[in-house]
Structure formats: C-alpha cells, structure tokens
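Presented sequentially are two complexes of subunit A, the first with subunit B as partner and the second with subunit C.
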Partner chain A sequence: MPDTKHSRLRRWGATTVAAVLGATTLAACGSEDAKDSQAESGPASLTYWTWAPGMDKVVDLWNKGPGKEQQITVTVKKQASGDTLVTKILTAHKAHKAPDLVQAEYQTLPTLVSNDALADISGDVDGAKSKFADGVWQQTTLGSDAVYAIPQDIGPMMFYYREDLFKKYGLTVPTTWEQFAETARALKKKAPDKALTTFSANDSGLFAGLAQQAGAKWWTTSGDKWKVGIDDAATRKVADFWGGLVKEGVIDNQPMYQPAWNKALNTGKQIAWVSAVWAPGTLTTAAPDTKGKWAMAPLPQWSDSDDVTGSWGGSSTAVTTDSKHRAAAAKFAAWLNTDPKAVAAMAKEGGIYPASTSAQLSDAFTQPPAFFSNQPDFYTKASQIAKTTAPSAWGPNVNVAYTSFNDAFGAAAKNKSDFGAALTRMQDTTVADLKKQGFGVAQ
Partner chain B sequence: MTTAHREPYGAEGAPYALPPRTAARERARSAPYFFLLPATVLFVLFFALPIGYAIWLSLHKVQVKGLGLGSGARTEIWAGLENYTDALTDSELLDGALRVLGYGALVIPVMLGLALLFALMLDTDKVRLAPVTRLATFLPYAIPGVVAALLWGFLYLPDVSPFYFVLDKLGMPQPNLLDGGPLYLALSNIAVWGGTGFNMIVIYTSLRAIPAEVYEAAKLDGASPLQIALRIKIPMVAPSLILTFFFSIIATLQVFSEPTTLKPLTNSVSTTWSPLMKVYRDAFGAGDIHAAAAEAVIIALVTLVLSFGFLRAANSRTKQGEAR
Partner chain C sequence: MSSLAVRKAAPAAGTTPGTAQGPPLRRRIALVPTLTLLLGALYCLLPVAWVVIASTKSGRELFSTFTFLPGTGFTQNLRDLDAYRDGIYWKWMGNSALYAGLGALLSTAVSALSGYGLAIYRFRGRETVFGVLMAGVLMPPVILAIPQYLLLAKADLTDSYASVLLPLVLSPYGIYLARIYATAAVPGDVVEAGRMDGASEWRIFTRVALPMMVPGLVTVFLFQFVAVWNNFLLPYIMLSDDEKFPITLGLFTLLEQGSNTPALYTLVITGAMLAVIPLIALFLIIQRFWSLDLLSGAVKS
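Right, the complex of A and B next:
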C-alpha cells in the first residue's frame, strides 16, 4: 500500500475509533458494576418496565411515601406496549439482566413463566388475592399454587353504539348475537353505504375475548400435557357467526386502527364497535367529532339466559427471577395494584381500568369518561359487567396463535371465505409449534 | 510488498549499508500488522462475530419438557440442520420469495429505466434549471422509507386519499390499490419513487465523467443527440448501470419496511409477505430466534449468490466486449 497522507490518516482514524470504542465499553462496564454492587448491599433500588402512561407519577407516590420508609426506590423505564416487550424481557432475561418488575399482559404470562423469567411471589403477597375477582386472579397463578403476578388492569368487553344513529335508523340495542346479526342486516337495508361494524383481523385479542365469552378454553392442561382447543365448538360458533356476516356483506371486513377506520367511526359510516372498557380512550382520538353521541351496553349474549362477557386486554405487574430483591419488588407490586391511592392515581394518570374490585367503585370512577358524559352510570355498569367475565385459559404460545390468527383470518376476511378453515389453520399452527418446541401435547 | 524486495542502499557490507538486523528493524517488520490491528478488531467484533453467532444460533433449538412451566423446563440443544430443512420446506418462506421476485421484476426495470432516462435528459446541452431538477428528482431518496410508505399508504386508502376524492368527483373508476395485483403496483410505486433519484445521481455522475472529446468526435461524424445517447453514453455508463442493478437486487430481496408499514392498512399483506418479514415475525412475534437465524442465513446466502452471480455474468460480458 502506498504510504500516502490519505492512507495514514485513514489508519489513524481506525485506531482512534477503536480506542474510543474500547474506552466507552470499559466505562459502561464500570458504571454497571458499581450500580449492581450498591443494590446488593444497601437499600433496594428497583427498575420497572411498563408502558402505562403516567406511571412515573404513580411511582413517585411510592418513592415519597411507603417506599421511603422501607428504603425501596423504584425507577420507571417506559416501554413500548405488547408483544415486543415480551421479546425484550426474554432477551434481557437470557443475559440475566431483566428488570426487577415488568408489566405483562395476562396472555403473555405462560410464555414468560415457561421461560423461567417470572418469580413465584406467593410468599410475599398475602391478602392480595381477596382484592380481585377469582377469574382475574386465576390468570396470574396458571392454575397452580404459585403466584406469578399481581393483576393491574382488566378489559371486560362491552358493546358500544352510536345512540343517535340507532334512533335515526330505528334500531334497538341487541342483547343476543342473533339480534346483533338482525341489526346489521336492518341497517344495511336502510343505509346500504353504512355498516354496523367491521370484523378486523389485526387484533387477535378481540377474537380471543369473543371466544372466551362463548365458553372457549384455548389452552388447558391434563397431566403434563397441553391441550389446545382453539377449534372447539364454542370458538367455531363465533368464527362461523362473524364469517357469515362478512360473507353476507352486512358488516365491513377492513382492519381497525387505521385512518380509514377512524374516519368511518368519526363520520358515522360504522355505527357500533364491539370493544372493551378502554374504548372511550380509543374513540376520543379516533372519532373526536362524535363526543357524547355514543353509549355503552353489555355485550350481546349467545342465549337469552346468559350473562357473561369476555376480556380484551388487561395486564399485570410481575417480578422477574433476575431480581435480587424479590420480596421488596413483590411488596411494591402489591401496593401498586391494591392501595386505593395508587390505583386512583393510575386511573387518573394512565386512564386504566383497575383489576382491584374495590377500586372499580372508588371516587376515581364516580364520573363517566368525558367522551361518555351522556352516560352518567358508565362505570357502575362497567363494574357490573366486569363481574360477569368468563375465565380465560392461556397457554405458552399465545403469540404463535395470535400471529396465525392475523394471517389466516386476514386472508379469510379479505376473500370473504370460510372462517372455519382459517380457524383450523390457527389450531394446526399452534399445535405444530407446541410439538416442535417439545411441549407435551394431548390430542 | 515483501516479495522482490530490494535493499535500497546497495549490497550488504558496503560502508553505508543499513545497520544489521536489530530489534528496531524487527519492529518495523511488524508495523503493518500493528496498523492492520484496529481494522481487524473492528471487523471481527462487529462483522465476523455476529455472523458466527447467527450461524451458531441457527444450528441450535430450544427443547421444552412436559408443560414447560417452572425452572429448568427449557434447554438449548444442538439441532443440526433441522432449522434449515424446516425453513426450506416452509411454503410461507418460498411464497414470500416469489412475491418479492414479482415485486422486483416490477421495481428494478422501471426504477433503473427512469433513472437512466432522467440522467440522460439532465446531461443534454439544452436542459434548463439542471440543479433544481436534479435536486427534485433526488429529494424523495432523502425521505426515510417508513415515512414514504406511510405517506403513500394514506394516499392509497380510498376513504382518506385526495386522489380518490378527485376520481370520485370525476366519476372515474376507483381501483383498490391495497389488494391483489394492484398491491404490487402500490408497493413498487413507493420503491420507484424513493429509489430513482439515487440511481439517477450515480448514472449522471458517470455521464459527466465522459470526456467531451468523445462527443465532439461523434458530432463531427454527424451523430444526432439521440444517437449519441444510445451509441455512446449508454455503453459508456454500463459499469454504473451494473452497479445500480446490483444494489437494486440487494434492496429488493431485503424489502421490509414498505410492506410492514402498509400491513396495518389492509388484510392483503400477511406477516410473512416478504422473506425478511418472516424472519422478523419468527424472531420477535413467535420468539423462535433459532428458526429466524436459519432463515436469515439462507436469505443472506441467496442474496450473495444472486448478486455476485449477476456481477460475474456482467463482468464476463464486459470483458468479451473489450476483446472484440
């Protein structure tokens, strides 16, 4: 190589870059070590991964109050919500660097437990159980004696509709799914350019909740084997029902949470939405012009005598196995989700609907959400509906079933083809994945 | 450097010869290695190691026992080529590859054709406002791919797009661009819009490097501007065309952000629409990092084979041309 000024400069550049990189890596290691050793000896300092808005303000209450007395300081690290956080937790756990506390959706708990990422905190949270409905608590134990998380918020499902437009088109609020179908048909007849709602394939939680209401149990255990019931009779009934409506053309088939959907809700092109208790927040941003025009009712039932709903969303606070202060972390998790002040602050700052039964009737929930000012008893009704939530049954590969739902039902909704076939595909994919990973699978 | 090395100061033993081999000279011999060290370290740390780790991951899998709950239920075991055979027999990956081929067959010819056309037009003598035009063509390349896809995605949605509003007012048909065949057009359009400017600059730069005497000679021979473009300019910028084609093949095989961004807008884009989307889904959706690693290695190999295969073919053709 000719020894020009240029090439010398380049080499110098490379050396400098290498030196700087080395120095920063060393510096990073140094500070990391210092923090760890400090945490082990003195008072507990915990990190908490959460996506709930305003959580830092709630944690401030702890740090200035009970946390100060017990010398347990919690630091919030804001995260993106949902599935990506599970991957992030599992990756961090692989390096034994997971945070002390994490927010986790109920359906992700088996996956996290199966990766040995969550600690059993049953010994540290005495008395927490009584604060929650049985169906909610059961999700955090996975049917064992262990407790893997404390419930934080829940998403009981409800039926939302445009009160004014229902009146305009002479529609009554459906109480059964049969009536729901009739309502959809009646609306199509009166206003062909409108649709009652849409079947969206981009949020598997909605379909899972509807199946749960119908009595489906997607994952159950017998002995040391998992049984997958995604294509059970109850789910099949739900799939066929929605598939029939899409094929008939009386409801739309376009996905939710996109500009066209927002516009359809905002302009009254779609006049109802099967959703959960958190819907007011979504409607506030998606359909701002329709404030005060919506009303909430219980979900339609499969038979007149039923009174049951599913859940869509909801999350819990869990302690990881990497935490060096499990008892302290469990104490904070219990306080966060059962202390009246903490729960009220979470409701105010983050707009969450608490899992704790008593908190659902606390002062924070005497007023309806601003978007539903026309329905003063919104939260009284919501808490009644929450009590009727059917038990859920999650398994260790919900993520696989969910992505399979997105693809199979997305294609079926697009082609207006057989939803039953899509359900079979979802079942097969889920079972095949369990087997591939080596789980015991019962037929 | 060491072969055919000549002592600069004549024969050894002469009064002015170099000092005998000492520690200093030994150090001088090791100097190149010393200078190579930073680059080698960086290469190993940030290139060889990650690739090696990906290959290592792709040869392992997670084995679960029973219900898989509780500690110690999961172990990482040697999988051999299982992940590779799974990936290669997976119809979704193959379908994704075919979709991407179809997409590439639309994007590459149109994008490079337009880039060449714009470059030739800018290179003519009569062009006005050349700097402005050049910048305007190049500008879309400066817009991040995700932003471009979002922007176009909104324009494709009938309910919010101003285009559809105009079509509606004019009573013209309103095609659904987010479904079936038109979806490929919609996706290609984003890539062409974003990539033409970059390729045009590459071709234009090499056009400017052609010496003016060549054109003078051609003009004296009575060649028209069109003939100059076809017979002189295009053959002389062939190396840049090959280069841009090479880049475009790689970019096409790795298409990810456009379909991922359009996915929430339509039921027609699945989570495995392109091969890279499948890698992403398996790694971050299904949490199977081992399968994802195997797929990534396969995609990298196919990309290597296709792009270098093309380069080789192009080179041998150029050499043949020179020999003629």
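Right, the complex of A and C next:
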C-alpha cells in the first residue's frame, strides 16, 4: 500500500481501533508487517474464521482433496457474524494473532484494509477475477491494483410479493418505483388495514442497497482525500421517495425482523418485501404459513430504460497480514469460492448464494428454494438480476454511517417526519467522524 | 468482642419498636414495601417465564401465537438442540461449568488468602495494596478484557482454557469481600491464641480462620460463579475455537449466522432456558451454607 491514501488510512486505523476498543494505549503497538518473504514451501496449517453454517464440511472437501495434495490443512473456527467480528479480528491483529483466513462482509473490507489487517493476494489468485461480475470483484480491490479478498456470497436485491394477494386485489407487479408508489396507494384504497410493505430503519444495508441502485456513491476518493456522498442527489431521491410514502401513510413504518413484522408477513398484513436473494430463508422462519404464496421479481427501476439493482449483504474470504502462509491461504480462498464442488457444497450446507457467476447456474441452483416451489425459475432469474448489480463504494467508517442511519431514520420513520433532514444528519455525522479520525475530507 | 454479633443485634433492636406497636399499624406499613417487592419480583420473573414458555414453542408458533401461551414444540426443540452440530451445546455447557466452577473455586481461594492477609496482618503498604484493589473493584472487567488479551497473546496462551481461567483468578471484589468478612468474623484474639499455642501461621489460617470465613467465602464463590457463567466479552476476545466456547458465546454464534441464514431462535431460547437451570440448582444447594452465618457469629468473648 504505497500511496498516501493508504498511509492515511493506516493512521486512521490505529486511532480507530483504540477508540473502538476503548484502550488508547493500543495505538502504540504498531503493526510491522513481515513482508512477503515467508517461506511457502512445506506443509501449511491454516485457521479460518467464518460464520457460514456447515463450513467445516466444505473445508473437509479441501483437506481430503486438493489440500492433501498440496499439504495445506485448513481448520474452521466458527464465529458469530457482524461488526463485533471485525473488532475481534482487529484486536487479534494487534497481537499478531489473527487467523490466516477470515470471512468478511464487503462493507467491512476498507476498515480491515485501513488497519493493515488484510494482505494483498493479487499475486496468488491469477484467473479468479474472470469468475465474478465486475461490480462484485471491484469491491475486493477497493479500486486499486491490489486484491484484498475473494468474493464468497452476494445479496443482489429483488422485489418479493404475495402472488395470491396481488391477484386478489388486482395489483400488477411494479417495474418502476413510480408504479411501486401507485401500487401501494391502490392497495391502501382497496384494503385500508393492509400495507404494501414497510420502510424499516433498523437495517442500514437495505437503504444502502437502494441508494446504490439509484447510482449513489457514498465514499469516493479524490486525490488523497475522502469524499462522502451520502446526501448526494441519488440518495436524496431515494430518501424523499420512501419518506413521502411513509408520510402519506400508504406504507408502514415499523422495523423489520420484529415479532410484529413477522406476524404482518405471516398473516398477509404486509404483502411485499424489498429484499435480497436470501429472502426465502428469512421468510421461512418469519412467515411459515405463507409457503408457496410468494413470488420474486426484479427490483422496480427509477426509469423504464434502467436495469440495475443494489446489493444487500454478501461477504468475502480474505487473507490476513498475520498469516505465515499467505500464498497457501490465497490458494484455499480461491478454491473455496471458484471450485464448482466447493461452491455447491457451500450452497448446500450454508445456504449461501455464490458470488461466482458460473456457480449461480450450477446443479445446486436448478431447483428453486423450497419456500418458492411455485417459482421454478427462481435461480435463473436471480442470476440474471445479479448481473445487473451496481458497483458499490464503501469507505472506512461504514459502521458510523450505519449507526447514524439507524438513529436518524429510525426517528424520522417513527415520527413520519422529513427524511431529507435525517439524510443530512447521516452525512454530517459520517464526515465529522472521518475528520476526527484524521482523514482529509474533500467538500 | 464479636462485632458481628453486635451488628446482628442492632437491626433486630431497631425493628422492635415497630413490632411493639401492634399488628394493625404494622400491616398498613408493610403494604407499600410488599407491593414494591412484588413488582420487583414480577419484573425479574416475567422474562424467566417468557423464556420458559417460549422454549416450548416450535419455530412456527414462536412469533405467531400469544406470548404466554405454551406451545407444542418443547421435546422437538430439545432434540434439535441436542442434534445441532453433533451436540456441541453440551460441550458448551461443560465448558461453562469448567470455567465457572474451577474459575470461581480458584478465585475464592485467592480471595480467602489475600483477604485474610489484609485483614489480620499489619504491614507497610497494606492500605496502599487495599486501595489499589478498591480501584480494581471500580474498574469494570469489560475494560480489562482487551489488555488481558494482549498480555496473554504475548505468553502465547490465547485460545486456550487457561486464557479464560487465568484473568478470573484475581477478583478484586472477592478479595475486598473476604477482607471485610475476615475483619468481622475472625477475631484477632483467636489468632493470637493460636500463636500462643504454637500453631504455625498456615495452620491458624487453615484450621482456625478458614472455617470462620466459610459463609463469606460461599458468597464470594457464588458471586464469581454467576459472573463467570454470564461472562461474555472475556471469552469472546480470548477464544476462537468454538469447541472451547462457553454457553454465552455458543448461543451468540447461533444468533449471528450472517444475513443469508435465519437466526436459530428456537434453539437459542431453549438453550438459554437450559443454561439457567444449573445456576438455580447451585443457589438452592448452596443456600444452606448461608445459615452458618448465625452459628459462626456466636463467638464467646
């Protein structure tokens, strides 16, 4: 990481960890990375922190197959997902004890890279790039020549709706957001006790994905400065659109994943959900009585000529700078996410939707998810939608922006007040935090 | 001579006037405290009731039926929990028992020794040592978890059973409690008498002082046991191998499985319910030791 941007990132990293962990003394422990001089020959034993269920079984395939030939053994250590895992990785990294491999959500990569926790594996993963859509791959390079991770799973966004209830109320599936608003109004007129969907302020990933679809770029760099575009025109359009619907009262304003939300989906009080490819799993537990009654369609577009979606969720496999066998670890990461057998096993055991484009059409995805047995072409459609994913632009303090979103939009949704003001607050908080961490911020 | 006996007598004397006033007044006064206590009990017990009832619900019933209506899935939940990754839940339960049991035992032993030492011996810097310990009491263990991790990482001890046990051994609060208790329960005269009879300091401690300190130490043990059983951050930072996880961490991994896998709510709830049982059992069993309090206070002066 030669350029000034990254050295700034690194300095920011040291202070952040200290702040996050509440122990300022940590800043003194600089991380001297042992540069790529490791001896790569001989047997390697690697540890892998991951949260995907059943990953131990997938890794068994490696340990008994290619891993055995190359004398590279991988041990899975199952972790809990989320921001806490990032903190844990950074803490371990401070002690030079991070595992060789980690699973990391895309939006956490800049944070991990700025703390110098992830190794550049561009030299060890030739040919991997071609297996992924450009928009997906770009997230692991952070716009540089380096490669900090191999994409594992993705969450292209889609529109889910109750097929039976749409028919009952004579609604058509909206293809534009304008139609989406009309559909919400039409439903409210026909069945005042129902709502098309809800605007939920408890998962920032949803809003980030919607903004991404509209063309927002929340974090960009210009020269050696960060530029934060959270209140850019695209995001403002999205915020105003949803804020308008909430204010009008045609959609609900209750958060997702709460018992009340589960109930609303299960009883058909809410008849649609803007979600991502993993929605069938969530619906299975949230609305068990509605099996076979849902259908999936592409996300509504901002104009008729568009064909683009955002992404919500998804993660990658990264090699840490603490690994003594970086090339071996990179080899495993590439195998895990591109080998047809490995990806099929991950899909079967862990229920993931693979980032690898060829895997999306493999045997594992010929059948629709059990909850969507009424839509046989579910995964064919999903892979087409995945191709239209807009590129994302994550920065080093996504967690701050997300927390600010929860606060500002949570209040705005509850009070049905101006979403634009909430967006301004989110922008200001994020910029202020970047400045506080010692970054140059371009206006 | 026994200050404990005096202290015990004092509150009793304080309540006598109230008792002497006769039953009607007493009943009227007791109404407000009773109601407050009942409210408190309700506040504490409602979540427990929720967990117990929710653990009987199947995944389908969990969010769709009335909250306090028992479900039909209890045995299935137990079976699922038992089957989850070849019964790793029981492994976590065993780990929790090890961390909490051994950890509390070790820390009680250290607390007893240091508390006794601080209470009985007069040496230079005694109050300084005690002052530092008091500062330790005020320091939340959460703040210490990261430095402890970095320290143990230097010794190459992270991700081991020792990494969770070692930081628990020294409990400032336990030592503080043991000192206060030893001051009150172990009369200096008794120690003096032991010395006159030619007993070694170790013998006085083990044979004379320790039995007197038992009720206090039981309290220290229970406090530590519960604290370790419920501890989250320390093992979270220290451990990466989920075969060594205690229950708190294990259940957390069941909840946070990533966005594409739904949280295993029924398993977590059933697991949490089962995890409370050992604590309740422990309290019921150890309760009897507290009654010793009265006996040990009765030292003749």
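Keep this in mind: the second predicted complex is superposed on the first by the 401 of 443 C-alpha atoms of A that agree within 3 Å, B and C clash if a C-alpha of one lies under 4 Å from a C-alpha of the other, contacts with A are read in each partner's own complex, and residues count from 1 in each chain.
Throughout what follows, a contact is a pair of C-beta atoms (placed from the backbone, for glycine too) under 8 Å apart; a residue touches a chain by one contact, two chains touch by 3 or more.
Please read these numbers as outputs of a predicted model, since none were measured by experiment.
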| item | value |
| --- | --- |
| Subunit A as common anchor, with subunit B and subunit C clashing or fitting | clash |
| Subunit B versus subunit C as contact partner of A:Ala442, first or second or both or neither | neither |
| First (subunit B), second (subunit C), both or neither touched by A:Val400 | first |
| Partner chain(s) touched by A:Ala95 [first = subunit B, second = subunit C, both, neither] | second |
| Contacts of A:Ala432 with subunit B and subunit C, given as first, second, both or neither | neither |
| Partner chain(s) touched by A:Leu361 [first = subunit B, second = subunit C, both, neither] | neither |
| Which of subunit B and subunit C A:Pro259 touches, first, second, both or neither | both |
| Subunit B versus subunit C as contact partner of A:Pro53, first or second or both or neither | second |
| Of the stretches 38-46, 92-100 or 182-190 belonging to subunit C, the one that collides with subunit B | 38-46 |
| Intersection of the subunit A residues that touch subunit B with those that touch subunit C | 21, 84, 259, 263 |
| Subunit C residues touching subunit A - in the complex, by the definition given at the top | 59-60, 63-64, 143, 146-147, 149-150, 153-154, 158, 236-237, 240-242, 249, 252-253, 255-263, 265 |
| Contact set on subunit A toward subunit B in their complex | 1, 11, 14-15, 17-18, 21, 83-84, 86-87, 90, 110-111, 113-116, 142, 144, 201-202, 221, 224-226, 253-255, 257-260, 263-264, 269, 321, 396-397, 399-400, 402-403, 406-407, 410-411, 413-414, 433, 437-440 |
| Contact set on subunit A toward subunit C in their complex | 21-23, 25-26, 29, 47, 49, 51-53, 77-82, 84, 88, 91-92, 94-97, 99, 153, 155, 205, 259, 262-263, 266, 276-278, 281-282, 284-286, 288-289, 312-313, 315, 350-353 |
| Touch list for subunit B against partner subunit A, complex | 1, 35, 38-39, 41-42, 62-74, 154, 157-160, 179, 264-268, 270-272, 281, 283-287 |
